[in-house]
Amino acid sequence: RDTINIVGSSTVYPFATVVAERFGRNTDFPTPKLESTGSGGGLKLFCEGVGTQHPDITNASRRMKKSEFENCQSKGVKAITEVRIGADGIVIANSKDAEKIDLTLKQVFLALAKEVPSEDGKKLVANPYQKWSDIDSSLPDYEINVMGPPPTSGTRDAFVEIAMEGGCKEFDMIAKMEDENEDKFKSVCHSMREDGPFVEAGENDNLIVQRLAKDPETLGIFGYSFLMENTGQIQAATIGGVEPTPENISSDKYPVARSLWFYIKNAHVGVVPGIKEYAGEFTSEGAWGDNGYLVDVGLIPLPREQRMEIAKKVKSLEPMTGNEL
Amino acid sequence: MNTMNPSITAEADRQDQRAAIPVPQDKPEDTVLEEGKTVGTPFADDPKFKLRNVSVSYGAARAIKNISLDIARNEVIAFIGPSGCGKSTFLRCLNRMNDSIDICRVEGQLMLDEEDIYHSKRDVVELRARVGMVFQKPNPFPKSIYDNVAYGPRIHGLANRKTDLDDIVENSLRKAGLWDEAKDRLDSIATGMSGGQQQRLCIARAIAVSPEVILMDEPCSALDPIATARIEELISNMAESYTIVIVTHSMQQAARVAHRTAYFHLGHLVEVNETNKVFTAPEHELTESYITGRFG
Amino acid sequence: MQTAILLPLVLILALVAYGLAYMRSRAVAAPLGGIRNLKALPFYYAARAALWCAIPALLVLAIWAGFEGKVIQGIVIASLPQDAWPDSPGEASLILSQISNVAAGKLNPDFVPEHIVGASSLLEAMQERSEIFKAVLVLLIAVSGAIFAWTRVAPHINARLNVETTLRRIFFVCAALAVLTTAGIVFSVILETVRFFGKVPISDFLFSTTWSPQTALRADQVGSEGAFGVIPLFTGTLLISAIALLVAVPIGLMSAIYLSEYASKRMRSTIKPILEMLAGIPTVVYGFFAALTVAPFIRDLAEMVGLQASSQSALAAGLVMGIMIVPFVSSLSDDVINAVPQSMRDGSLALGATQSETMKKVIFPAALPGIIGGILLAASRAIGETMIVVMAAGLAANLTANPLESVTTVTVQIATLLVGDQEFDSAKTLSAFALGMLLFIVTLLLNVLALHIVRKYREQYE
Amino acid sequence: MYGMLAIFIALASLVILFADIVSKGHTGFVKTTITLDVELDSELMYLDDPTDADQRSMADFNAPILAALQKHFPDVDSAAEKRELLRMVGNYGANTISQRLKNNPELLNTTQTIEFLAHDQVSVYVKHADNPSYSIKLSERQQGWVDELMEKGIIDTGFNDVLFSRGDSREPANAGILGAIVGSLLTMLVTLAISFPVGIAAAVYLEEFAPQNKITDFIEVNINNLAAVPSIIFGLLGLAVFISLFGMPRSVPLVGGLVLALMTVPTIIISSRAAIKSVPPSIREAAEGIGASKMQVVLHHVIPLAMPGMLTGAIIGMAQALGETAPLLLIGMVAFIVDVPEGFLDSATVLPVQIYLWASSSEQGFVELASAGILVLLTFMISMNALAIWLRKRLERRW
Amino acid sequence: MNTMNPSITAEADRQDQRAAIPVPQDKPEDTVLEEGKTVGTPFADDPKFKLRNVSVSYGAARAIKNISLDIARNEVIAFIGPSGCGKSTFLRCLNRMNDSIDICRVEGQLMLDEEDIYHSKRDVVELRARVGMVFQKPNPFPKSIYDNVAYGPRIHGLANRKTDLDDIVENSLRKAGLWDEAKDRLDSIATGMSGGQQQRLCIARAIAVSPEVILMDEPCSALDPIATARIEELISNMAESYTIVIVTHSMQQAARVAHRTAYFHLGHLVEVNETNKVFTAPEHELTESYITGRFG
């Protein structure tokens, strides 16, 4: 095999493809083949083993999990280089025709969780809120209707882990739970409501965008790049008053942000031509730098020092130890 | 003359042409066949069917050549003639069964009870309900025997109750001489019958709707003498109230049942006369050679 | 020689064998007084020669192609110094890939170990030799097969029987392929299914009424109990398929009837292919159409008459899916209706039946087996369709019979579970396999039932 | 008349769908170009020898483009403005020059008139300035530049030949559908070559030869069942059997074709059986009565008479296969593949996948490309079916 | 006695049973029909067909009841009898055309040239090539007229060259009396012919392969007297080298062409005799009532 095979996250896919295409055009290596399998699917394929039938690189919109790392090891995929490439914000947006919304994580939780603390904060009840204004009178007076990714997507994972859990922790009663009964805590914080206001819209974010444009009373949850590309039609809600701008996201001011990654199978370097060069291209300033071409497609760059450090690791293909996870 | 009566296509709208029906000359001519010339007595007073200058073609081939003929009320008329001479084709014009053959074109004037059969506004369904037909090749539906016979009465609503329907079915099968053989297997599929049985079934099916006219294309071809006798008797009985057109190859049969007999030859109607006369003293030499078997 | 060259070559040889055997059989027949004195037509002797020539050769070619790589690789690897021997097949494939990339000049030989470069020239040599051996062997077999068949061109040998038996076996194998496919499907889902039932009890899976894989996001999470109830998925599937069939069957049948019985030839020959295009539009397109045009329209309509409707509704998905499967019903039905002999139509029309009565009472029943085949296909397609439902009916597993609500189907869940972010061992991912297995079993049972009923019905009739 | 109504409904849906696709997709067939007189100055580019790969990788091919643009707008000089100006030309403008020089080194230090693809945002502005569902992301100043260049005829629109001459790209203007077309063609070839003969043979066996026994019943039930198996399950099968078990490569038309063939076979079998059933027994009797063997009856009479129905099965089966995405997902044919495949074992994608990928891309330019892709797919399907339909028409007869 | 010869199903392997053929008693019995009793001369020396204790049932219904009969070489034998009595069924046993009817079961021993027709290893194709058949309902292939006739010779390799084939086609059509009508339209589709033309085409098709035996199920039912005469002449000519079994409803026809005549009644073979004798001095009273039309 002489073509690099890359699998993994659909969130990283747009960035990786741009790099791959540039790489193919500007070097004599064939253009790498990229499959969008989702982060988990990618890691599964990646960890299946070494050998030409297995991919060389996998992208992920979350960090590899410990269990996944161990799985890799057990299948003989020993040396893996981890590359963090940048950040991605998850935005809550609505149509430009509607008024701009400002939300807090707490409100997000109240609007979308399956169970919320009752008024008196003593016990958990099934989510009673039907209108935004039920949650807070400053919010608009229409039905809660939010379209978001399905449980199978990494975006959903991240949203639940960051936004929902973040909002959820702000309730004392639940925060207490975290120490006593972690399982219970997670199941409360991570359960999205299923009674209608939250609509799982499948993996196609364009569809959500188009729906939002048609219906000003609907909100949608998706990645930053879709917001960037459709600024004419939709606008993002501020969260805790913070706009999802690249600066805010990369500086962690915007609360719902996550990092993006890819993983290299070191055993394949030097066997499949071009892996190192591809990684080099990805981590070149022209690509992931502040003015690099990946910014054009919506990547939010890491701070420069971090980039330099990572690029150095990539050059030396420093393998993960597993302890960092 | 024919040239004065340009033949009119069936498809054209032909209201109010009733007055224009021409009476073709009926002088007999002997040797050469000329289109539209028929010897004998092709016309009748108060006819059931009044057919003038009828021509039928399949694509470019003309199968019926300018035939004019009357069929009287309550008459049994037999069509005879060598195979392929156009008997079936002509018969199928009488209830427009030719419509279902794409390439078939019918020209001329065909009137049933003074109404144009091929009028563009004509309700073909009503026409066929009045003019029933038994086909040359038996074509039972792949249903039970009972359902085959009951089919017509059902669609025309001839029976109010189940028992009425049973009666009609039984009666029709009896008349067609099939009752004894079929009564125990009314529910079995009709295509599993012998050739003759199928033919009688098709006759039963046709008479079950009591049409005014029955067209029969060789109804006895697959029947033994006894069954044939039965059908012939049926025909004679029915002649009291129905008009019957029968195509047959058996001159004996024609002689037994028909009032008049028409002899067809290569698409021409050569001679029409009292049956007696046709078989004893044919006027046209072709007819004579045919009935005496000297033909060809 | 490349397989790509060898394959046509064998076929050409078969053609040659065909021609030679044909001529020989005629030559053999000539002194006997013509081909009537052969046991079979020259065609059959010729066809047998072609079969003899092609089948064994192709089999050998296939086997060779299957093992060639393995054998050569084994030899190449064995040639490496002992300390460079790979520990696992994966590593072996890497080394081989490296070797072949070096051989193809895609990797710079300067940067790879010495022994790899050495092996790469061995690999090239081996490959060359193998190609030659293969070509010689295959061609030899082809030629000897042909010669054998040639010698058996004799008047007393009934080649027709040979050829027909061979053909018949081939036909059987083709039919049996369905069974193999089934086996393959079972094979590809059974392991995961079993593992899934190790995590979730079967009874919960079958009888629980909540489907919510989200609660089992993490293996370390509680609340997976009761979250894998398939009932809402199956009712959703049922609901959407029913709506789709309610749209497709009447429209399809009516169209078929109209096309075959009333429409002019020209019209029929234009409209039929146009309708068939409906089946070929990618489902993504239908999905967008359903989600962005039909679903909002339905919601507005429902709100106008005072009904509560979800913005993603079973109705929208069902309607659009119904349109998509129209051609399955219309085209197949049209074909079989058209195949009913004209004499049946004539028989009915002559009794004064209207065209529609003829259709309903005679043609339709006669064509019924074929029409049912078409509807069956349409239903199958409806059950198996994914994309439209994902986009238009959503993913919410509601247990409802209200077409205005959003529901989800088994296939949608399978697809999202498999395609989305999966963990290799979580109940969530495994449940996709269990769902596939269950759907498979359910449709299988339904089919057994259908076959049974059809049999009964048929027996009654004849 | 209900039949008319039914056809009307079906056709109306088709027309609506089509209108929708065409209205969105016709602009996909238009490309926006920007034609510049570029001075390929070796100093400007830091390039002496265009044949040297190392030098090329260090060279600045953007410089001559910028210089050419600056000739039209001499007052642009801040770095930010320069960057904005350079954004008139698509991302691969520099690549265009590099390739051209590599192939014709003698062009160095000459002035060439080169037609570049305009930047996506320029293209969106040019094509959709008055369409509210597009977001214009050019700055006011850039818009002014574009307007001016359009007046001068430097920016122009034309038929999008790129679409039909290249593989996929992440830049809408550069993206082509040729790779997907070839991939679909190869995949369909495999599918057709397997499913049609196998489907017919199986149908013939079941209708004409199969003894009435349990094995036959079993096969029959299996076939009917396979028709209802969701297509994605066939993907699982392909993954487990062809790729894991047989070790075939991922993402290749051969495997895709095999999987789709397995999926299509039941459709063809069921429709072929219906067609065979409708051949009247009298025809079989007639042939058998002359001494034709069962196989001869089948080959000479039954199959020709049933062929129209079999072709219908093939047509809709293939149409379905041609539009299928889900099973290909699992065998790796849903992938970003730039190179146009050249054989059954090259990585490839297919038309519906390409459409699906474009439809879920965030760039606005892909919306129209997706619709244009659908039109291409439909054209492909129509031409693929035209032959079968023509054949069917010729073979059809009523008796 | 019959009870000593348990009827043997056709499906069973029946090698080496040739020796066991019993000779049923041929004493005539007069009034009541008893299975297997046949008056007249059912047996012949050196028969072409040797049929013993043949019974045929459709599902539970027995259509042929224990019939034993020999058909001699180069003989023309006519089967007559009322419709539905089993003539076609019996005829179809002779070349195993009944195989294609699922529910049909044939029992007894049927030998052609001393070889078991229903032997499990029997090559049905070769059998049918030797024993050709013309069906009761004409069933031309939906192909051209030429191809219809040429089909048999083609599959049996009877023609070495195209001109041979042309000759065979022309000859067969001539013999069937269809050449004059068909010669100009050999390429047009056969289903577009008149009923009688189709019937003659099917005859032409059957004789084109020159089988040893020809089974004709009412070959002249749709034919006019002249065409009928032609076919009868053909039969007489062929009788010199072929064996011909003909089912007919026309006793005149039987009288004209058949050497022997067999009378069937409700599945029984009632009487077999020299044709002359059957029509002038029938031995069985049922035969007599049938031929004199006193029947039923």
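As written, the chain order gives the labels A, B, C, D and E, with residue 1 at the start of each chain.
Everything that follows uses one rule, which is that a residue touches a chain if its C-beta (ideal position, glycine included) is under 8 Å from a C-beta of that chain, and two chains touch if they have at least 3 such contacts.
Since the model is a prediction, treat every value here as computed from it, not as a measurement.
Taken together, chain A and chain C share the touching chains D. Judged by contacting C-beta pairs, the busier of the interfaces C-D and C-E is C-D. Put simply, the chain nearest the middle, going by average C-alpha positions, is C.
Computed from the mean C-alpha positions, the centre of chain B lies at a distance of 61 Å from the centre of chain D. We define each chain's centre as the mean of its Cα atoms; on that basis chain A and chain B are separated by 83 Å. The mean-CA centres of chain B and chain C are about 54 angstrom from one another, to the nearest whole unit. Residue positions of chain B with contacts to 2 or more other chains are 137, 192. Annotation for chain C: residues touching 2 or more other chains are 160, 288, 341-342, 418-419, 462. Counting partner chains per residue, chain A has residues 1, 53, 203-204 touching two or more of them.
Under the contact rule defined at the top, the touching pairs of chains are A-C, A-D, B-C, B-E, C-D, C-E, D-E. Of all the residues in chain E, the ones that touch chain B in their complex are 58, 61, 80-84, 86-89, 136-138, 181, 192-197, 200, 217-218, 221-229, 249, 251, 290, 293, 295-296. Interface residues of chain D facing chain A in the complex, by the touch rule stated above, are 53, 57, 83, 91-92, 95, 98, 132-137, 169-171, 243, 247, 249-251, 332, 334-339, 347, 357, 359-364, 367.
Residue ranges on chain E touching chain C, taken from their complex, read 102-103, 123, 125, 155-158, 160. Per the touch definition, chain C reaches chain B in the complex via residues 265, 341-355, 357, 361-362, 365-366, 461-462.
The touching residues of chain A, when paired with chain D in their complex, are 1, 3, 5, 13-14, 17-18, 20-21, 24-28, 30-31, 33-36, 53, 203-206, 213, 223, 225-226, 228-233, 291, 293, 297-298.
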